[in-house]
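Before anything else, here is the set of structures, which you'll find just below.
Next come two complexes built around chain A: one with chain B, the other with chain C.
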Partner chain A sequence: MNLHIRPILSALLRNRTGAILVAMQVAIALAVLVNALYIVTQRIEKMGRPTGMDVENILIVQSAGFTAHYDLKSSIQQDLAWLRSLAGVLAATPTNAIPLSGGGSSQGLTIVPGDRTKNDSFGYYEVDEQGLDALGLHLVAGRNFRHEEVEPPITLDDAGRFVGNVILSRAAAKELFADQNPLGKPVYDTLGKQATVIGIVDPAMNSWVDSEHADWVFYMPRLTSALYGGVRYIVRTRPGERDAVIRLAEAHLATSNPDRVIHFVRPMTYFKDLSYLGDRSMGIYLLTVTGLMIAVTCLGIFALATFNVATRTKQIGTRRAVGARRADVVRYFLVENGMITSAGVLAGCALALATGYYLSLEYALPRLNLYFLVGGVLVLWATGQLAAWQPARRAAAVPPSVATRTV
Partner chain B sequence: MLKMQDISKIYRTDLIETYALRSFSLEVTAGEFVAVTGPSGSGKTTFLNVAGLLEDFDSGRYELDGTDVRALSDDARSRLRNQRIGFIFQSFNLIPDLNVQDNVDVPLRYRGLAASDRRERITSALELVGLASRARHMPAQLSGGQQQRVAIARAIAGDPAFLLADEPTGNLDSLMARQVMDLLEQINEMGTTILLVTHDPELARRAQRNVHLIDGQISDFRAYEPRPAPSGAADAAGAALA
Partner chain C sequence: MLGYYLRLALRSFARTPGITVLMVLAIALGIAVCVMTLTVFHAMSGNPIWWKSDRLYAVTMDNWDPSAPFDKKQPDLPPPLMTYKDAKYVAASGVPLRKVIMYPVDATLSGTGAAPLRISTRATTGDFFAMFDAPFLYGGGWSAAAEDPPQPSIVLSRETNDKLFGGSNSVGRTLRWNDHEFRVVGVLDYWFPRPRFFDLIGGSFQPPDDAYVPFAWGPALSLQSAGNTDCWKPETINNQQDFLASDCVWVETWMELPDVATRERMQTLLDNYWAEQHRAGRFPRPRNNRLTDVGQWLRDLHVVDNDNRVLVGLAFAFLAVCLINTVGLLLAKFLNAAAVTGVRRALGASRRQIFTQHLVEVAILAVLGAALGCLLAALGLAAVHHMYAAAHLGQRGGYQELTHFDTVGVAWAIVLALVATLAAGLYPAWRVGRTPPAVYLKSQ
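Right, the complex of A and B next:
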């Protein structure tokens, strides 16, 4: 098949202004497309990370005592007894913080007491023996907490108290113990107090989804304290029963204890969605802008091709008269458009790589994945050809008799 | 070579039907030089379009080299135009963005010829029209007469059996017109059949035969004697006239 590349190129070079503008448009669109899609993909991967928790079936209750008669321990016992008695509830635990919510507590852990060389901080959660079940976490080694291990809440007088046992996330264990088996080994808090690792869960996430180490987390068997600004309950329900339990909990807990107030009863998805709102908004924004850019680029290609067809009617008729078939005319315009798009795509590759490099330097983003570049090239090239298809078909419909018309 | 029988071509609008050709019959034998004359609106260009397979007709029968063209697909018509017919247009119809050589190359590329073959044909055609030295010039750098000679080179480069010229001297001054007509005669003498559409009786006199059209119908056949047809063609032409 003769693509007539040389004469088409030579004709194109004689009318290059429009072609250069469209090629530049293609180049910019490619650079935006590739980098935006890469960023969006990273955000999607981030949002899709396994949390290890049964997020869809968990609800969170937050309450706080406000009268002098409020007794934290008995209030927790009453609330837990009622929550656990509900038919749809699988497990419930009091806790100091809400995973994935953006707020919580963290603490340094080391495997050498008083080791100041390490500054690693791990998100932690105070839970009782139902803690892992309430979160839906998967214990991959060791054992769960026992009821008798659950320690009383800390107070102002013993705020620096640590616990006897801890359960680590696998990522936390790997950070602390590298490839050693952590079970039965001691870990130390920043005050040098010791706890023993009795279990490993995997996967798991702490409260800060944007953290580089969102999977560094450990669990302590301790009733939560009023020092954390109230009590939170993590309640896991059977699939499909979460919303019914929320309604029941809202109605009951609001009146069951006049000495405390219920701040909210919300699904855990609320907190997760809120934490990822920025990522989601960024993704939608980038996809919208990219979509618009591609649409504008397609319009540019379509407009140039339409203009070329409109201004070359006589030439097309002449080509048809001297033997061009309709397919030859379609091919002519697609090859011409392909050359413009290819030039734009080539320039766009360089622009995309430069933009990716700049973003990686300025915003600490990972370097652009070349598969995205290849994908972007294919998408833009195919889209560009599709945009030129209709004008090319219109060109092919020009009858050969146009060649003999003098007006 | 070309045989038209009772060809009718009607242009229709919502309100009226106009017969551009009405029961038009003509036979042209190989090697003839036939002029088709007539006043404006007489159907000359429509005849040329139909003869050159640029346009369909409504009724009648048209055979080109023994092939009934009515039955041909659009692609087959394109192929036939490309291989058997050369066109020369009043306004040259050169592609302004291509140089002389590439303009001549256009129909050859559509024929799918090898580059070396095309190069050879382009050189021969340009030499014949006296423009071999202008192969790299753009059409805008040439005079009207030179542009028409490029168009002739484009028409003959594919070695067509049949040349259709639509007022080829209409946009030229008399000197250039004479040069173009000389060239056409020379091509005809080499054996190519030529159908020349013109409104100029002087040019028509240089053909061997004149077909005069009025209102889409042949009103007059006239044979001229000064220039004999190439050997073999004259008898056939005479037979057609008879």
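Right, the complex of A and C next:
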């Protein structure tokens, strides 16, 4: 098939301003499309990481004792007994922090006491024997905490106490023990106090979704203290019953104990959504603006093709009169548009790579994946041809008789 | 003449309504996206205390781990907070005009008849209000004499006073703060510095605290920080005394140093204290004592995050595409009507007049684009605000505080529209004026 590139090119070069403008739009659109999609993909991957927790069916209660009559242990027992008695509740645990919320505690763990060569910090949660169930975590090795193992809360006078047993996330176990079997092995806190690893959960996440090691986490069998902003309960319900339990808990807990105040009762999704809000809005914004940019670019291609057809009506008629078929006319305009788009795409590749390189350098984003570039080129080329399709068809509809008319 | 050009422009729009709408839409979209991004960026990068930002300094000292910096990504910076003992030492100095040590704590307010209220309280020294220009609605702060031992004085935010006392002047009233009786000494007016420069931990755009009490109440009642507490040293911490003496950082320290001489004296004081402690075995890292002004502090703590810089770049790329598109459309449109222009030139219109005439047409498009752009930006920001507010369940704070379409947005729209007109209109208007009239006077 002969595309007649030479004559089309020379016609194009005679009237190049419009073509250059369209090629520039294509170039910028490609650079933005490729980089935006790459960033969005990374955010989607980040938001889609498995948390290991039954986030949708969990609610969080945050409370704080504030009078001299407040007794931490009996208050927790009372609240837990009531929460666990509710029909829709599967499990409930007191805890020191809310996973995925951005707030919590972390501490160093080592497998050699007093090892200061590593500064790894692991998010931790104080839970009781229902802790893993309340979070919906999956035990992949070892065993859960037993009721009698749950230790009393730390107080101001023994705040440095450690626990006897811990359960690690698989990622934490891998960081500490590499490929050894961690079960039954000791881990040490920064002061060299020892605990035994009795179980492994996987997957799991700590409180900080933006941290490099959001899956480094461990669980301690201990009643939480009220030292850090009060007592939190993690309550897991049967699917679909979360909101009903939230309403019940709000109504009952507000008045059940005059010595403590309920700060809030909220679904766990609130905390997860808030932690990922920046990523989500960035994704939405990038996609919207990129979509608009492609639309505007298509509009530019469409307008240029329409203009070219309109100003060349007479020439088209002449070509048709001397024997060109409709298909030849359509092909002429599509090839012309293809050349313009190709020029834009070529410049766009360079621009996309430069932008990607700049972003990776300036904002420490990962370097652009080349598959995205190939995909972006195909998308822009295809939409470019689509945008020129209607004007090209209109050109083909010009009757040969136009050639014989004056004005 | 202008009236005539306007009539010509309107006639031209009427001839090609589709292309006119497309051009206005392209300009409007470009402007709207830019205005939205710039509004957020502007709000984010603002300095809410610019009038004295070069007198206010955050004090930091690097007491961190000899084997690793506090922040691996910024190894040159000390921790943003100080240890209790260091903060107390530097705050005892008479060098600065004003000084503040503080940390946020969770507390419960009761004893007012209303249901107990869980609030955030700032345990702070009394210079806080004058130093950060916090406006009082009723009463005032407390004097240095109320610090040690701490007096039961409390300052409420206006929002808290509205909730507890229905907005009336509550100075002199008593309430229970963490079950201790406190007397209200002052009520602040609405105050929401964005970003919350004096405490950026836990969100740069969170509202200020609900109440303020003398600093010493925090340690006296063993209240842990509701912000960050970071420790690096393996130390046995078994009680409050151990904790206060530890190398854990949790106290934010600010000073008002009115001139260079005072600042230098303060720096010397810090360095001398460091040397003395260093000899005694503390401060194992190289000397790094800093007095950081507000502007630098906002940069060091990355108030403007990378995402927003990327979005500003994206917005301008989009505007560029919209403008290039408009140039193309204008060019096509003007050249399509070149026959008419040719007749006007032949009848005596100068190139300059043709140029002006077409520029008037472009200016109208720009005005329409700017107006529509403002509208779209306002709608877009409202949508974004709604999305953020929904995620916050109606609580204040976060990026929703940055999404208000305001005069800054309008100003940006006008500036961008001007730029757009010039950028998009100049070349087509010039080009059409250069068309030789003779070509169009011939019949084909």
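As a convention for this text, the second predicted complex is superposed on the first by the 407 of 407 C-alpha atoms of A that agree within 3 Å, B and C clash if a C-alpha of one lies under 4 Å from a C-alpha of the other, contacts with A are read in each partner's own complex, and residues count from 1 in each chain.
Keep this in mind: a contact is a pair of C-beta atoms (placed from the backbone, for glycine too) under 8 Å apart; a residue touches a chain by one contact, two chains touch by 3 or more.
Just so we're clear, the structure is a prediction, and the values are computed from it rather than from any experiment.
Using the contact criterion defined above for the overlaid structures, shared-chain residue A:Gly48 touches neither chain B nor chain C, since it reaches no partner. By the touch criterion stated above, A:Ala64 is placed in contact with chain C alone, chain B being left untouched. With both structures placed on the common chain, the touch criterion links A:Gly184 to neither chain B nor chain C.
In the superposed model, A:Met24 makes contact with chain C only, not with chain B. Within the superposed three-chain model, A:Gly300 lies in touch with chain C and out of touch with chain B [touch as defined at top]. Of the two partner chains placed around the shared chain by superposition, chain C is the only one that A:Leu156 touches, whereas chain B remains out of contact.
Contact comparison for chain A: of chain B and chain C, C touches the greater number of residues. By the document's definition of touching, of the two partners only chain B reaches A:Thr404; chain C does not. Put simply, chain A uses residues 314, 406 to touch chain B in one complex and chain C in the other.
Across the complex, chain A is touched by residues 45, 48-49, 52-55, 74-75, 78-79, 81-83, 87, 89-91, 93, 95-99, 102, 105-107, 109-112, 154, 158, 166 of chain B. Listing the residues of chain A that touch chain B in their complex gives 2, 4, 7, 10-11, 14-15, 314-315, 318-328, 399-401, 403-404, 406. Residues 17-18, 21-22, 24-25, 28-29, 31-32, 36, 39, 64, 66-68, 103, 114, 116-117, 119, 156-160, 190-192, 227-230, 254, 261-263, 266, 270, 273-274, 277-278, 281-282, 284-286, 289, 292-293, 296-297, 299-300, 303-304, 307, 310-311, 314, 359, 362-365, 406-407 of chain A are the ones that touch chain C when the two sit in their complex. Interface residues of chain C, counted against chain A in their complex, comprise 19, 22, 26, 29, 33, 65, 67-68, 106-108, 110, 115-118, 178-179, 202, 222, 224, 226, 232, 234-240, 243, 305-307, 309-311, 314-315, 317-318, 320-322, 324-325, 327-329, 331-332, 335-336, 384, 387-388, 391-393, 398-399, 431, 443-444.
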